[in-house]
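Following are the structures in question.
Heads up, the next two complexes both have subunit A, just with different partners, subunit B and then subunit C.
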Partner chain A sequence: MRVPGTQAGARRSGRRRSIGTAGPLEALLWLGPALVLILGVVVYPVIALVTSSFGEFSITGLRKGDAGLDNYAKFLTSDDLPKVIGNTVVWVGAVVLITLVLSLGLAQFLSKEFIGRRVVRWAVIVPWAAALVITSQLFRLMFDYYHGIINQLLLGLGLIREPVDWLGNPQFTMPSMIAVGVFVSIPFTAYLFLAGLNGIPDDVYEAASIDGARAWQVYTGITLPLLRPAILIGIVLNMIYVFNSFPIIWILNGSNPGYGNDTLITYMYKLAFRSADHDVGLSAAAGVFNVLLIMIAVAVYLRFVNWREEKRA
Partner chain B sequence: MRRILRRGALVAGVAISAIALASCSAGSTDGDGGVESIKVVIAGYSPDHTPEFWNAFADTYEEQTGITLDLQIISWNDIDQQSSTMIQTGTPPDILNLNAYASYAADDLLYSADEVLSEDVAADIIPAFVTSGTYDGKFYGMPDLSSARALFYNKALFEQAGIDAPPTTWDEFVEDAKAITALGNGVVGYAQPLGPEEAQAELAIWLFNNGGDFKVDGAWTINSPENIETLEFLKSLSVEHGVTQNNPGSTNRSDGAFPLFQQGQAGMIVGFGPLQGALDTDFPDIDYGIAPMPSGNGAEPQTYGVTDYLMSFKKDGNKDAVTAFYDLYYSPDQVNTWIKSEGFLPVTTSGLAEFADDPSLSVYLDTLPNIHLTPTDDPEWDKVKLTIQQNIGLAVAPDGDPKAFLDDLQAQAEAGE
Partner chain C sequence: MTASVTAPRRRLRGWKGARRFVLPVGGLLVIAFFLFPYAVMLLDALRPDSQVLATPPTFWPSTWSLDAFASVVGNETFQHWLRNSLVVAFAATAIVVVVAVPAAYFTARFSFRGRILFLGLVVVTQMFAPTSLVVGLYREFYELKLINTLTALILTDAAFNIAFALWILQGFFRAIPREIEEAAAIDGAGRFGTMIRIMLPLTRPGLVTAITFTFIAAWNEYVVALTLIQDEQLKPLTVGVSSYVTQYVQNWAQLFAASLIAIVPVVVLFALIEKHLMGGLTSGAVK
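Right after this comes the complex of A and B.
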């Protein structure tokens, strides 16, 4: 794997030498559009977010003055925060883990030759291609207490006697949302693992079979270790992606009162525009907190799995 | 190779200047102090009528004044967020259509009627709406349209349950709702939307018809005995009597309660003009009647009304353009056409006269001048309303505590004064 990479690197540097170096001004012009984009889309919003978090805002959005650390203090001491953090941990943890397990199986299945594989592969990618808002809205209809197809189906099969309030009953709301979260996270993860599986050379498996290894031994001894980089990347990306996911929770939890099913992301939005606080500054403080939290979570995770070791190996 | 590089650099440079130019195209004041264009932000009441009316309005306005009307229609779901962002970034529109105005007036962002409303126009607006649009002695919140709520009932279900007339008292209401629920087949007596979408309306109409109010003579009365009784009654409908749909605290109006009534699955519901319009066009099989709300405590029946606002922001040189906007908007053939197309009620005395010959509206029109509104003239109401929307569903849940909820709400309102 490393050899082609090294060659490509050598080729690139060779070409650069033959052309000569661009002057600083010319380089700036080339980089300009990208820099403007980064400044406008990444740097400016970060500055605006941090500035807002130190401001005192009226309910109309008008900045009235400086708030110092008041917004942070108010956010960190709010009564709903522990519940919301708990929800976030459950949401991210459950979606990432369930997605991981199901995707491993699905990738294994998709890597085999069978009739209609192309169709199945396309079918798996569809949930990823559809906009999250649309998928969530569809699930909202499917989960509906009176007319939803899920209740109709379960009632028809005699599995339940009464309709289940999938989205309104606190017992079922989070599991229902997690199911949808897993559904939309699987395609990307499964394809990531599929690419990883395809990268494992056949001769390793041949050697194993000559040595008489059983299927489970092959899987735990060869497939999983060689798939480790893909799994690590899958977990990190899914953590960030699921943590920041807004539409699923916003739409499926849309008609529930209070903050009992909110994660940090939807809670942040409600603080700004739906709660009685209706406070942009408070919400910005929540936003800064969220960014720091996910950065720390990812750093801890990478530390825990020895990311650097992995790269060196 | 080098030439290609150069040309690329040129393209890149042009791209940068284009971005830079695009980002500073704001500001449209011409030489003599007047503006060349005004930005008008309108809430989307319905996907077809709203753009149709406002686009035509913009054309007429431009023809008459020579000022460009920069129209932006935003859905009710997003308008709060977008307007807040506009204020936050210092780029308010000239005219904003919203269901609240008092906080904006309190922040000193708005023109009052003295500055931008011609005398004829001001005199034509129904006094009840002038009162609700008045903050601190000045009229800031110009009503764009109004609606009144009443009890809609399904005549077929009433007949099946052997009920002759819609209920007039709360006791009758409960009896009727029980009789309809007893019909079975998933039919419920009363569709009760107490989810976050519009719960304050559901609370207000019941509360007014129990002799209660949110604010009396300038003092908050949210946790008055009548109001606690009202919310306990609303909770008992689902928890004790079981005559509502499943989980009212998690049911929104437009995607939860209305569909039940439209499909003939609910005996009664609090409705308004647009529901009437939808029933007449899309659900002709539903035979419904409209009646005044039943009252509790022997209280005088009240018509609960809602109005939204067209407020105008103080910006350099836009006063004349804004005045021209209101002059045109309140001319009878504009405002009444718009209100009719959306199925709402008039806000002007001349409009009352024009709508008077429509029999389907007589239920509301007679009571419109005495309509009972929520205290939208108090900026604190904007927050009280949000708390009701977000949390009332918890108070009416089986383990909810209506009294504690109203006590907290009272404390919140008083703390903000």
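Right after this comes the complex of A and C.
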């Protein structure tokens, strides 16, 4: 498997940056602790996940025997799966896309110099730093039919005529969750783009302003193309984060029965830990399916990063 | 004639003048957008429970009350949750520093067989969230008899945060001119001594960023703790606070008071490293 930049980067650093070579024993001494933790707590669970997916478990979690491919067959033919996959596509697609557009605007704004910019940047950080589960609980109350401030606000502004059951009405549950997903994804993404904007040299803009380019022309002709690497990385990383996102759906969809608003992640979780039959094997098969999806995303990510390294070199 | 020449310039001056007001006003709107929910949280925590669930809800409390904070802080179970969160976050962060600093230094400075394999493993780790592996983690800790222990949480939080810390630190180690180490080597300092005494002080911003990120990630972790911890006394804050509002009880004011205690420290920490965030993102996450 290719690693970001190491193909080109290792050779480069091998010549210029490294101060020496080391034998395997010394390498093991320096990397050993990290290796033990990664192998023990990241790689081993992957193996445990895969072996569990071929096993049959009792409700209490005891392994009863081999299930062969039964769990996979059961998972892939489940009546709930099409709906769950659809939800996942909508959830990931909508959150990533809306986050991207809003973050581009916010990053552009935050890159300007003005009084109080520091404070604005601190405010933007808050949803990033706060635990997702806490922000989700907060929105659960804000979306509440009777007691939520969002209905109150929208009624006051005349945008809705009567209160909306944001989390209980199936029509609105997913859009409400997407709104929260966007809210918590913007800070990281905006900072990513802000870093990208800061990397664009000023003389590029000066040249454009001498040529008399309008602001919008400068943006689409210069800024956006130069932001391309940051945007690609923002898309791929957000896809992974949003796919893996658990608390928002878990909390906001918490009081709805069934799997009507679940994504692959919360569906997998419910199969093992919340459904009536606590089916570890079935859930593990779902987990393997999810991990494979993430691997595909990783491959895409690595391709982008390699592409970026090649450009830079 | 004169008008058409001066008009664009005046318009420009007009925008420059307006900018001084428009941008800060825009800034206020951005602040309002991102802080509004947390303002609701604070104001709900500062009123009696009965008022939180008023219909229609009000933004400002009509009666102010510190009861929610008082009952949360005085509650023994809450004190356990807080202590658990502190133990898990500090221990996980300490492990990450001890483990990631040598690995970052070594991979930044030395060529050896298996280097690419190791870094590849780290990249893959970074892509896996504990969430997607939670069934595997559960099986592992079940076999190790570590269900319902803080050790399981500490190990998980440490392992999944090594990658990010390593990338950040590696970026900083690489940026240090190698002449500095060569001088140290001539002075007879060993490799480990060179790293600790010469290199580490030069990577302080990277170290601070790595430590802060790890601490916050461990502090905010939810799904693994939700799965592995059933004992009320062993829950961290993220899982514990949810029991203020369940099917049976609706103590929203207490939930929010406890939540604020949980988020304010990490928000402050994050704000302190704000200026390193972008450097961290370009050398770390983006790498």
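The working rule: the second predicted complex is superposed on the first by the 266 of 313 C-alpha atoms of A that agree within 3 Å, B and C clash if a C-alpha of one lies under 4 Å from a C-alpha of the other, contacts with A are read in each partner's own complex, and residues count from 1 in each chain.
The working rule: contacts are C-beta pairs under 8 Å (C-beta built on N, C-alpha and C of every residue); 3 or more make two chains touch, one makes a residue touch a chain.
Fair warning: this is a prediction, and the values are worked out from it, not measured in the lab.
In the overlay built on the shared chain, the residue A:Met142 is in contact with subunit C alone; subunit B does not reach it. Of the two partner chains, subunit C is the only one that A:Pro24 touches; subunit B does not reach it. The larger set of touched subunit A residues comes from C, when the choice is between subunit B and subunit C. Residue contacts after overlaying the shared chain place A:Phe109 against subunit C, while subunit B stays out of touching range. In the superposition on chain A, A:Ala94 makes contact with neither subunit B nor subunit C.
Touch criterion met: A:Ala272 reaches subunit B and subunit C at once. With both structures placed on the common chain, the touch criterion links A:Gly258 to subunit B but leaves subunit C unconnected. When the two complexes are overlaid on their common chain A, residue A:Ile38 makes contact with subunit C while staying clear of subunit B. Of the two partner chains placed around the shared chain by superposition, subunit C is the only one that A:Asn198 touches, whereas subunit B remains out of contact.
Of the two partner chains placed by superposition, subunit B and subunit C are both touched by A:Gly61.
In the superposition on chain A, the residues of subunit A contacting both subunit B and subunit C are 19, 22, 26, 30, 33, 40, 52, 61, 146, 272-273, 280. By the touch criterion stated above, subunit A contacts subunit B in their complex at residues 19, 22, 26, 29-30, 32-33, 36, 40, 52, 57-63, 145-146, 163, 165, 167-169, 254-260, 270, 272-278, 280. Within the complex formed with subunit C, the residues of subunit A that make contact are 1-7, 10, 13-14, 17-24, 26-27, 30-31, 33-35, 37-38, 40-50, 52, 61, 106, 109, 112, 114-117, 119-135, 137-139, 141-142, 146-149, 152, 183, 187, 191-192, 194-195, 198-199, 230, 233, 237, 240-241, 244-247, 251, 265, 268-269, 272-273, 280, 283-284, 287, 290-291, 294-295, 297-298, 301-302, 305. Interface residues of subunit C facing subunit A in the complex, by the touch rule stated above, are 19-20, 23-24, 26-28, 30-31, 34-35, 37-38, 40-41, 44, 52-57, 59, 95, 98-100, 102-103, 105-116, 118-125, 127-129, 131-140, 142-143, 155-156, 158-160, 162, 166, 174, 178, 181-182, 185, 216, 219-220, 222-223, 227, 237-239, 241-242, 245, 252, 255-256, 259, 262-263, 266-267, 269-271, 274, 277-279, 281-282, 285-287. Those residues of subunit B that touch subunit A in the complex are listed here as 1, 5, 8-9, 12-13, 15-16, 19, 80-81, 83-88, 103-104, 106-107, 109, 186, 194-197, 199, 245-247, 249-252, 255-256, 260, 265, 379, 382-384, 386-387, 389-394, 412.
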